[in-house]
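Next come two complexes built around chain A: one with chain B, the other with chain C.
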Partner chain A sequence: MTEKINEDGMKIVYPREQWCIACNLCEVACMTEHSRTKDPLRAYLIEKPRPVSRTKVEYLPPVAVSVMCRHCAEAECVEACKNGTLTRDEKTGKIELDRDKCLGCWMCIMACPYGVITQVRKEEKAVANKCDLCPDREIPACVAVCPNRALVFEDRG
Partner chain B sequence: MLYKNPYNNYFDYVVQRDMDKCIRCKDCVTQCSYDANFYDEERDLIYSLDSNCVGCMRCSTFCPTDCIRIVRNPDTFRINANWKDNNVKDLYKQAGTGGIIITGMGNDKPYKNYWEHMVIDACQVTNPSIDPLREPMELRTFLGRKPDRLEVNKDGDITTKLAPQLVLETPIMFSAMSYGSINYNVCESVARAAKELGIYWNTGEGGLPDTLYEYGKHTIVQCASGRFGVSPEYLNAGAAIEIKIGQGAKPGIGGHLPGEKVLEGISRTRMIPVGTDAISPAPHHDIYSIEDLRQLIYALKEATRYEKPVSVKIAAVHNVAAIASGIARAGADIIAVDGFRGGTGAAPKSIRDNVGIPTEVAIASVDQRLREEGIRHQVSLVAAGGFRNSSDIVKAIALGADAVYIATSALMAVGCTLCQQCHRGRCAWGITTNDPELSKRVNPEIGAERLVNLIRAWSNEIKEMLGLMGINSIESLKGNRDRLRGVGLSEIELQTLDIKQAGM
Partner chain C sequence: MKYVIIGNSYAAVFAVESLRKTDKSGEITIISKEPYHVYARAAIHEYMDGTIGDAQMYYRDKDFYEKHRVTTIFGRTVTGVEPEKNRVVLDNKQKIDFDKLMISSGGVPIVPPIEDFKGVGTFTFTTWDDAKVLKDWVKKQKMPQAVVIGGGLIGLQCAEGLKHMGVDVTVVELADYVLVKALDSITAQRVQQWLTHNGLKVITGNTVVSINRAKGRITGVKLKNGEKVKCNTVVLSIGVRPNTSLVEGSGIKVNRGIMVDNSMQTNVEGIFSGGDVAEAEDFLRKKGEVMPIIPVATMQGKIAGFNMAGEKRTYPGGLLQNAFQFFGKSVVSIGNVISIDHNDGFEEIIKDEGDVYKKAVLQDGKLVGVLSMNYIARIGIYNSIIRSRMDVTGIKDKLLSDKFGFLDLPKEFRDEMLTKPG
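On to the complex of A and B.
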C-alpha cells in the first residue's frame, strides 16, 4: 500500500468523497456492465450467478464514498496472491485478475487495505472479483453514471 | 401513519413501485430525505410510507430501472368546488396544531398570468427582421442612475460625471437568496455562474461567506432589516448594495431562519451565535418614511465612497408606482420590484397566496409613473417574481423593466422540482438545506454549468426575439410596449398594462 497510486500515469477511477451522495448508481452500473446481458433488470433478477458490483458505496452518514480497486503501485494483493492470479500489467500499471487461475484462497481479500476485492461465483467455484476499469468502455461505467461527479477517471501521475 | 393524528393524515402523493422492475438497489431509500422509502431486509422488499412523500420526485428520477411513479393520491374528499382539497387539509392541520401554515416557493394559485395574455410583434415585408446569427445583437445592459444631460468636450470625451453602473452581459440576474436559506454549494454555483456570464448574483440577507469574496465583482450585497452579515468589508466587497424592503412572496412581513439551520458557517457569516434564530423584522426599524430610506441609501453610499449603485427592493403591492417614485427621489439607483409569484424559503401560506400583485402589472405601472414624472432615467427598474422563460423576460422588458431577477428558475436549473418544502430544511435535492449530507447533492461544478447553460439559452432566445422584431439592441426594447399586444384581456387590464388589443 502506498499513497502514490500508480507509477506510470495511467488513468484510474478516483472517488471524490465530498460529492458522493450514496445513490448507489455506481454499484448498479458496475454490476450491469459486468453482467452477461448488460441490462440492470436481467442482471439483478434473472442472471445466475448474479453479477457482483466491483465498487462499494461505503455509507456512514453524512460520509459516503464509493471505493473500488486503487491499482496500488505496491499492491498488497499481488504480493499475497500465491499462484499469479493477480498480476501487475507492467505496460499499463493496471492490476489484472485472471479468473481462470483463481483458486479462491482469499489471501488477496485478507491483504487488500481498501477492502475492495469481493467474491463472485464462476461456474462451480467462487473466485476473486475486483475493478477492471471496464476494458470495453472508454470511461468506466461507474464514472459515466455518477450524477454528481463523485467519481472521476483521471491520470494523476 | 401510526401515531399520527388521523385528521392530519390526508396526504397528497403516492409512491407506486413496480416490484417486477425493482432491483433493490436502495437508491430511492438513500435519496429520500423525508423517510418515505424503506428497505425491509427480512423480506428483501422496498416499500414506501406514502404519507411522508412530498412529491419531490427525487426517488423516481434516480431509479435506475424507472420502476417508481409518484402519482397524486387518488383518495379524495367528496368533490366540492368551494372546499378544495388544500382548503380542507390546511384546516385540519391547523385544527390539530394551532399553528400558522408555513410553505416555500412562490404563489401557486391559479391567478391570471398576464405573460400568457401578451403576444410579441414581428417584422413582415415592410420592415426587415434581423438574423442574430449573422448580425451583431446587443444584450449588454447598464443598471444605475443615468445623467439628466450629457456634456462632451471638443475631443468627444464625456465630461459629465456619470453615476456608478452595473454592467450586465445579458439582462438577467440571480435574485436574492440568502446563505442559510440555500446552502453554501448552491451559493457557490450561483456565484460562479454569475462570474462566467458577466452578470450578478445577490447574497440575500445572509451575508457573504468569506470564501465567496472572490466573486465580489459579480455580487450584489443585500442589507435587510435584520442587518445580518453587514460590515464595511461586506458592503465594499460587492458591486452594488441592495436594501431589501420587501419580498414578493411575503410582502409586509419579515423573515425567520430557524436556529437549527444556523450552523457554524452561517453563524460566522451572519455574525450571530450558532443555533440562534435569525429573525428579520417586518420593517427596517430605522425606516418609517421615504426620508428615512434616503438616510440609509446615503449612509450606504457614504460607506462605499459613492462608487457603487444602491438598489432598493420592494414587493409589488397596490400602491407600487407611488412608492417607487418615492424611492427614486430618495436617491436609489435601481428599484427592484418583486411580484407575488416570487419565491421564498419560508412564508405563511395565507400570505404567500393572497398578498401582493403580479409583477407584470407592477412593472407597467411603475415604468409609466416614473416616465410621467420625468424621473425614469434616474433609476433602473428590475422586475422579479416568477420568470419562467425567455419570452416572459422579453415581455417584462417591453413593459418597461431594464433587467430581471430570477431565483426560482435558477434553483430549478440546479435541481429544484418545486415541491414547496424549503421551510423544512430537508430538501432532497440538496438546495434549501444545510444538512451536510444533503447539501453535497449540489456539486457547484455541475450547478454552475447548468445555470450558465440556462442563461445562455435564454439569452440566445432573447436575441432571436429581438431579431424578429427588427431590433438589434435590448435598449430599443425597453418600455417599447408597442411591441406587445393583449389577448383575452379586459379594457381596464389593457389600460393598466398600457398595451393595445391584438389586432389593433
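On to the complex of A and C.
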C-alpha cells in the first residue's frame, strides 16, 4: 500500500472489536440518521428509497466488528473516481461524496481497500454511499448509540 | 521553481494537487492541446448519450487552476522536449522553460491499416470533442447505423451510448472475445450475450479491412472474411498507444511508453512522467507496463508531484483494475484474472451461482486477481489482500463467500487496517 501521511490528524470512527457484541445498533443508528424521518421504524418500513447504513457489522462468532469509511489521507476511492464525485476536503480531512455528481460507475467500490462504499438509490439511479461522519452531530450516531464503546470517535493521526 | 506539466487529465490533476501540498510558491504551468477545463475523459460515452450533462463532466471545480495557482496554456501542443535546455517547444514555436517537467500527454488512438479510414463518417472516440462530434453526426442521420471497430472497454461503452441514442450498432472485435484485457472467456461470453440481448450486434474473431463509399458517403464496411456490414458511421476504438512523439530525439527513454523508475522519474533527471503515456512497474509482474486506467494514472501523478516538489515518495507498482457496467450489469476486474500459465503455480477458485460469477486467481498461494460479475459488494477488500502478498491458502474456501470480510483475515492484518488512520 502507498505510504500514507495524515499530517493534520482528524477524528474518525474506530472500531474496538474486543468490545463489539454484534448488536447492530450502529447500523440502525446510521440508517436512521441518514433518513428523512429520523425515525428507525418509519425509515425502515415506509421511506422510499429505504436509507442504507454506512457501517457494516461483520460477525464471525465470537468476534464482531463494525467497519466504515476511514477517510484516508490519500484515499484510493478519490484516486479511482471517474469524474471527481469523491474529493478530499483539505480543511477537514473528510472524504466528501457529491451524490448529485455520482455516475454510479463503482470505480470507488472497486478501489476501496476497506470495502466500505455501498450503493444507494437516488431517484432513478444508484449512487455511491459512505460514512460522512454525521455532519449534523458532534459525535457520529453510531458512536453515540454503541452500548459498549466498541466504536470510538478519535484522532489517531 | 518552475514546474511544467504536459497534459490536463487524471495524472496532471493529481500531480498539481500533490505539488501544491508540498511547494506552495513554485510556478506551475499546464499545457494541453484540448481547450477544456479538466474533464472526465472516462465519461464521454455518458455525455454523448445524454445520461449526464456538463456539470458531471468537469473533474474538478471551476476554480481548480486558480486555487492551485496554475497557469494554463490550452489549445497548444508540445512538439518537442529539450532536456539540455530545460525547455519544451510548442506547435507555435513558443518555448517554455522548466526546472521540473511532468509528461502526462496520454494516449493517441491506434489507427489500423484500414483502406479509406478517413473523412466523412469516420470517428475516433477518446476525447470530449470526439463525443460531441459523433453525437452531432448521429443526430443528423435519418437511419443511423454504426460499426464500432474494437470490443475493448471504450469501444463497448461507445457502442452502448450509441445504442441508447437509437443507433443500430455492430461491434467488430479482432480477438476471440470482447474485453480481452479485463475478462476471462466465461465472463466475456456472458457480457457478449447480455450486449446481444440488449440489441447490440457483436462480431468477434474478425476485423474491418475496408470502408465502402458511394458519392463520398459510407455505405458499409468489408470484413476480413469477406462479409459486408451496412452502415453510415464507423467508429474506431481498438485502443490507444502512449503519446510519445513529443519526446522523440530528446534522449528520454521510451519502450512502449515513457520509461520511469519508482519515483516516476524518466532517465533524465528532473523530467517525470505518468498516466497513459508512462511505462512504470507492474505490481504483480515486477516489470514495466503501460496501464491506461484511472487509479494508476492518478497514483502516478501523485507520486510524480511529490517527488518533483522534493518530497520523496515511492510508487508501489500499478495494479490493473476496472469496474464497468453495460446495460445495468456490473463487472469488476482486479489484477491478473487470466491464469494462462496453469503450470506456474496458478490456481483458480470459481463460484458460479445463478447470475453471479466470481473468480479468484491464486499464484503460489497468494491472491493475484479477482473477477466478479453481478456482485461487487466489498470487492475492494481484495485489493488490500493482493497488495499485502499474504498467503491465502488457509482461507481459500471462504474467499469468495458473500460474507467474506475482515474477520476472515489474520488479526494483525485487520488491526493494521482498522485501528490506524487510513
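Please note the rule applied: the second predicted complex is superposed on the first by the 150 of 157 C-alpha atoms of A that agree within 3 Å, B and C clash if a C-alpha of one lies under 4 Å from a C-alpha of the other, contacts with A are read in each partner's own complex, and residues count from 1 in each chain.
Heads up, the rule we're going with is that contacts are C-beta pairs under 8 Å (C-beta built on N, C-alpha and C of every residue); 3 or more make two chains touch, one makes a residue touch a chain.
Nothing here was measured: the structure is a model prediction, and the numbers come from that model.
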item: Partners on chain A (chain B, chain C) - clash or fit; value: fit
item: First, second, both or neither for A:111, with chain B first and chain C second; value: second
item: First (chain B), second (chain C), both or neither touched by A:74; value: second
item: Contacts of A:103 with chain B and chain C, given as first, second, both or neither; value: second
item: First, second, both or neither for A:27, with chain B first and chain C second; value: first
item: Contacts of A:46 with chain B and chain C, given as first, second, both or neither; value: neither
item: Arrangement angle, chain B at one end, chain C at the other, chain A at the vertex (C-alpha, nearest 10°); value: 150
item: Partner chain in contact with A:15 - chain B first, chain C second, else both or neither; value: second
item: Partner, of chain C and chain B, that touches more residues belonging to chain A; value: C
item: Partner chain in contact with A:59 - chain B first, chain C second, else both or neither; value: both
item: Superposition-derived minimum Cα distance between chain C and chain B (Å); value: 13
item: Contact residues common to both interfaces of chain A (with chain B and with chain C); value: 59, 64
item: Chain C-touching residues of chain A, taken from the complex the two chains share; value: 1-4, 6, 9-10, 12, 14-17, 56, 58-60, 63-65, 67, 70-76, 78-84, 100-101, 103-107, 109-118, 156-157
item: Chain A partner contacts - residues on chain C that touch it in the complex; value: 14, 40, 42-43, 46, 51-52, 55-60, 294-295, 298-299, 302, 313-314, 316, 321-325, 330, 332, 334, 376-381, 383-384, 387-388, 403, 405-408, 414, 417-422
item: Residue ranges of chain A touching chain B (in the complex, touch as defined); value: 18-25, 27-29, 40-41, 43-45, 59, 61-62, 64, 147-150
item: Residues of chain B defined as touching chain A within the complex; value: 21, 23-27, 30-31, 62, 64-65, 430, 435-437, 440-441, 443, 445-446
